[in-house]
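For reference, the structure discussed in these notes is given below.
Letters A, B, C, D, E and F mark the chains in the order given here, with residues in each chain numbered from 1 onward.
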Amino acid sequence: MFERTAGRRADALRPVQLLRRYTMHAEGSVLVAFGDTKVLCTASVEERVPPHKRGSGEGWVTAEYGMLPRSTHTRSDREAARGKQSGRTQEIQRLIGRSLRAVFDLSALGERTIHLDCDVLQADGGTRTAAITGAWVAASDAVRWLLDQGRITASPIRDAVAAVSVGIVQGTPMLDLEYVEDAGCDTDMNVVMTGSGGFVEVQGTAEGTPFTRAEMDALLGLADQGIRELVALQRAALAA
Amino acid sequence: MFERTAGRRADALRPVQLLRRYTMHAEGSVLVAFGDTKVLCTASVEERVPPHKRGSGEGWVTAEYGMLPRSTHTRSDREAARGKQSGRTQEIQRLIGRSLRAVFDLSALGERTIHLDCDVLQADGGTRTAAITGAWVAASDAVRWLLDQGRITASPIRDAVAAVSVGIVQGTPMLDLEYVEDAGCDTDMNVVMTGSGGFVEVQGTAEGTPFTRAEMDALLGLADQGIRELVALQRAALAA
Amino acid sequence: MFERTAGRRADALRPVQLLRRYTMHAEGSVLVAFGDTKVLCTASVEERVPPHKRGSGEGWVTAEYGMLPRSTHTRSDREAARGKQSGRTQEIQRLIGRSLRAVFDLSALGERTIHLDCDVLQADGGTRTAAITGAWVAASDAVRWLLDQGRITASPIRDAVAAVSVGIVQGTPMLDLEYVEDAGCDTDMNVVMTGSGGFVEVQGTAEGTPFTRAEMDALLGLADQGIRELVALQRAALAA
Amino acid sequence: MFERTAGRRADALRPVQLLRRYTMHAEGSVLVAFGDTKVLCTASVEERVPPHKRGSGEGWVTAEYGMLPRSTHTRSDREAARGKQSGRTQEIQRLIGRSLRAVFDLSALGERTIHLDCDVLQADGGTRTAAITGAWVAASDAVRWLLDQGRITASPIRDAVAAVSVGIVQGTPMLDLEYVEDAGCDTDMNVVMTGSGGFVEVQGTAEGTPFTRAEMDALLGLADQGIRELVALQRAALAA
Amino acid sequence: MFERTAGRRADALRPVQLLRRYTMHAEGSVLVAFGDTKVLCTASVEERVPPHKRGSGEGWVTAEYGMLPRSTHTRSDREAARGKQSGRTQEIQRLIGRSLRAVFDLSALGERTIHLDCDVLQADGGTRTAAITGAWVAASDAVRWLLDQGRITASPIRDAVAAVSVGIVQGTPMLDLEYVEDAGCDTDMNVVMTGSGGFVEVQGTAEGTPFTRAEMDALLGLADQGIRELVALQRAALAA
Amino acid sequence: MFERTAGRRADALRPVQLLRRYTMHAEGSVLVAFGDTKVLCTASVEERVPPHKRGSGEGWVTAEYGMLPRSTHTRSDREAARGKQSGRTQEIQRLIGRSLRAVFDLSALGERTIHLDCDVLQADGGTRTAAITGAWVAASDAVRWLLDQGRITASPIRDAVAAVSVGIVQGTPMLDLEYVEDAGCDTDMNVVMTGSGGFVEVQGTAEGTPFTRAEMDALLGLADQGIRELVALQRAALAA
């Protein structure tokens, strides 16, 4: 059977860190680490909304994602230099944005935007799930800042949201894949859930052999457990 | 309870058409209709592979997706005129490509590429699932052409692949959503499966309220049944 | 002497089809076929005008042109993926726009825009002339829709407009060239004329040997006759 | 009747200048003036050909066109800053390239490229026709340079080529329109002809009222006479 | 010791020309020549300002820079065709803009923009310093035009500004480098100064060996003397 | 007189940190802090060179620069999303590349490239000077890695290189400006020097009043002293 790094169990998360106030300018700034994967998540408040929300009385929450060129094993081209974002980047930032909006009451936010920037400093698998998990903490800090400023009187955040990857590695369902596991697995699934246990996103892909319904059930069970742990860590970080 | 167009049952597909040899130049050319959604899927054989496959002895299968500007209710900008493809377009064409590769033996294809172009002539919900379903038929015709030409001696296609959307509309799980259903539903899921019933992709998104495990199970059941019907229709079209 | 496909005479058009209401969302939607050349022309009404017409009381008519990647013998790159439209594409869409505006009374249209999208599903020579001919029928249907809606009270269309290609193939002047004729001809000319026989555009190019005045006269005569036939077909289609 | 600037007759060219060796680096460098329209035409020899000509034994002749931002009455945006060339620019540079290639024997040129750069320093109507006329002189100087260098032993230029605009201004056919005439005319035609009187390109456009066959005949007659004069001036410049 | 072209002394400028009213449409139009380097500088007045100045009561002065493709020894690609401006181009146009703004009272200009377009017709070293020197003369003419029009009542230009390059060529500090000197020098410095002798910009770069403080002092001395001469020439040109 | 933050003297650097091995994939990875300015500098080795160096036997050293969107007081647009790098970004990355190449023996490096990526995590003035200073340490670690791997046998680094900003704030020359000082200063100068005290780059700009020769001398003196301190800190970091 596949041996995980440092004797990690199949159903164990990697060590998770959620460091708040990591940089000084943003209204929320969190360095999230899932093992060696490190993502800087900042939340920036802007007092205006994109065109499709103007005059609606509602706000907007949106995300952008990037990887530093040498966050990966071999250097990848800088997207700003190539002049466009890859399909993968766009897919991930759309996912982060949808996941965060799922727990936001946009009316209660008022006509303003929270921009979540998730920049990968070091990648070792699971960058998008770490990003969602960290972005929610950064967004929570930005909401506290809005409350402290008196710009809003009640939090527009209705629930926590966190994400984790699961996959079948050499036949075994495993939680929170690191890079070498992800690269070699048959099935890879990213799951986004709320603090109260509802599904927000499920994205499963068979890299090689298609997966069965039984395998899917096993993966969803692992994800559910992992996300409960992540939400507890998010709440602990905010209480610190 | 929500009334579907033309008295359609919650677990019924829309009328499906798979018209082969729809245009004359492509090695495979299929007009697929899921009700009023109409997508032209062509398969083009090119005797070379992208850089990451050169010298590998393996081929490649890739997809591009586009919508004609007035395939939708209101005209949308032409992506060629705007100078870039939207995130949605890139996400969909990556999904189509992965889905088709899941049933291809790239070694058996040899060092050549099959390009699948999926262009939406008329949109009424489910364009990506119709595209995958039609593209597999177009790819099958291109493989027959390769066999007829003697360029390959055995088919590299290991199984059928088809896709369908499912969702929860006003509390009821429904199969194959049309536009008005999709726009108003709480949860939307696209499912891609093989002819032998394995999952290739599952992409579920809660638009409003997060969905429960029980709802997910109901949706996966509906999708499984719908895809069995679609695979039967694919095989019938190829036998015609 | 050069033998045309299916025994076609030098002064004969290919079989022409003008199928109205081909797709359901556009205010005008026409599939035009000149033999194996098939172009989907849609007319979309938008209740605003580009900046140079704002406040003028006049409307605007504009066109965009595209070819599906496998509308041609060998697959060509998708312009949206390359990130820009070719010079040829821009030249053609400017020609279609000018041709249609030549028969429109922009004051009578009011401050709104008619967008004509001409997308080639299958190419066999003469795509731009088929596009102009079909676009006029689609524009006529959009004008009828405006009249039916009561947004205008009189038609802003002053005359019909249609187009055809002519050329000298192996020394013989011929009407409505198909691809193999076009590729091998010495002189190629696209002619756009109104229903009342006035010239809107004449674009002649010597591919090899320069052409003489006598040759030009012969080509203009052929074009005049062909456009009379096309205008009769346009009127018949609209009367159906 | 319309009064032309400085009492010019309807069938008269503006004063034409063809200054050779205008800049020092290019193999051919000509400042061409048609009245106040001034275009710098350079011909650059490059010892390689574009992909579609590699290994063919043939050369290539290609053109690029640009306008300095303040060559016009009001400043226009710099195309390099906007990040793309307009449709008009592309249409003109394609026309210049085709016109020059019409008189070149590409086999006799050998596998090398002549790049013609036509940059408008000052615009007052007829920039494309001045550009073609000047580019031919610049190309002739580049060919002489190739002969002097011993890279070719016979000239690949088979004939002269020149261009002029004609149009109907307030009912009168006129030769070589300046800006105010062009802006107000009903019909505008650009004609490209060889030294021996063959047509290379005819591009006529009705700006307002469609034009008749009789008007077209009058315009072609004027153009023929004007181009004879231009070819004489080209030959005189090269003899100087 | 290094011999300069035409026996030029180490501390001598090349022959300088400042031809005003070089083209007819711009409010200021100057052809500046530093020896064989020739740059056309036009100043265009626009009655609006960029967003960051709107409502401020202040104007703006900005510059764009370009090289004609064959202004150089070997032809370089046209930036409009490549779709973007190089880093070098952007660096130079930012330098020109800052240099001119240094002597402008933007309040006295009023809410309007002066666009300076500097296009290199022929390059032989020092194009950016020639551009700054010529642009100031063009801007002065545009200001006179504004005064003549009665749009402003006092000149917003507080001082002259000019620029020159200096460098160490084979050990000798030299003024106003031409191309062969620039290509071979160890240290290259561009200096921008006002008429009253203040520094606006100093940009020194060691191409090979780092330079010493003593060398820097020698170069600044040469530049100071050269710019005094250039300012005298600017004033003489404006007085003509 | 202007009071600096935390009672800093006019000739004092901010606290400097040079943390090596900050991320794990790059051959060199240094977090450099100049007070609150924090830049992640990575050095990546690639076993090939750009086209202009192929076959030359020489290597290449190049730099890219970026700012995370919320590294600044107010969020700025992501350059990858806008599709191009600003002129400022290009200017800075060209400066970093030139500065590093000034101390590299490209022949001794062999035909390989060192990419320096400088990404600003938090900005408070002086990001480009911090980037150069940190990039040299990262490059030194990459060179050690090449030596350890046995790919080169002697270091191609001939000297240290570091950079600092100086400026005149309310009349007083000051070293290492932080953001509020930079924003309000009259003259801003970036100086790049080698460990042995030679100048590599001097870039001085008068933001308001032009500066005098005496002011320039004072600034160069301050920079010289600051860079000596920085080089000592670089050497200490590498010795750790």
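We take it that contacts are C-beta pairs under 8 Å (C-beta built on N, C-alpha and C of every residue); 3 or more make two chains touch, one makes a residue touch a chain.
Chain-to-protein mapping (UniProt): A, B, C, D, E, F = Ribonuclease PH.
What you see is a predicted model, and the numbers here were worked out from it, not measured in a lab.
J.: Identify the chains in contact with chain B (Ribonuclease PH) as well as chain D (Ribonuclease PH), in label order.
T.: C
J.: Give me the fewest steps it takes to get from chain B (Ribonuclease PH) to chain F (Ribonuclease PH) if each step has to go to a chain it touches.
T.: 2
J.: Measuring centre to centre with C-alpha atoms, which chain is farthest from chain C (Ribonuclease PH)?
T.: F
J.: Measure off the straight-line distance from the CA centroid of chain C (Ribonuclease PH) to the CA centroid of chain F (Ribonuclease PH), and report it in whole Å.
T.: One centre to the other, that is 59 Å.
J.: Taking each chain's centre as its mean C-alpha position, how far apart are chain D (Ribonuclease PH) and chain E (Ribonuclease PH) in Å?
T.: 33
J.: Go ahead and note the Å separation of the Cα centroids belonging to chain C (Ribonuclease PH) and chain E (Ribonuclease PH).
T.: The computed centroid separation for chain C (Ribonuclease PH) versus chain E (Ribonuclease PH) comes out at 51 Å.
J.: Go ahead and note the Å separation of the Cα centroids belonging to chain C (Ribonuclease PH) and chain D (Ribonuclease PH).
T.: Chain C (Ribonuclease PH) and chain D (Ribonuclease PH) have C-alpha centres separated by 28 Å.
J.: Specify, in ascending order, the residues of chain D (Ribonuclease PH) that touch 2 or more different other chains.
T.: Where chain D (Ribonuclease PH) meets two or more other chains at a single residue, that happens at 83-84.
J.: Can you trace the ring for me, chain B (Ribonuclease PH) first, then chain C (Ribonuclease PH), and on through the rest?
T.: Cycle of chains, anchored at chain B (Ribonuclease PH) and oriented toward chain C (Ribonuclease PH): B, C, D, E, F, A.
J.: Please give the residue numbers of chain A (Ribonuclease PH) that touch chain B (Ribonuclease PH) in the complex, ascending.
T.: Against chain B (Ribonuclease PH), the touching part of chain A (Ribonuclease PH) is residues 84, 87-88, 90-91, 93-94, 98, 102, 189, 193-194, 196, 198-206, 209-213, 216, 220, 224.
J.: Residues of chain C (Ribonuclease PH) touching chain B (Ribonuclease PH) in their complex?
T.: So the residues of chain C (Ribonuclease PH) touching chain B (Ribonuclease PH) come out as 23-26, 29, 36, 38, 40, 42, 44, 46, 64, 66, 68-75, 78-81, 83-85, 89, 115, 117, 119, 121-123.
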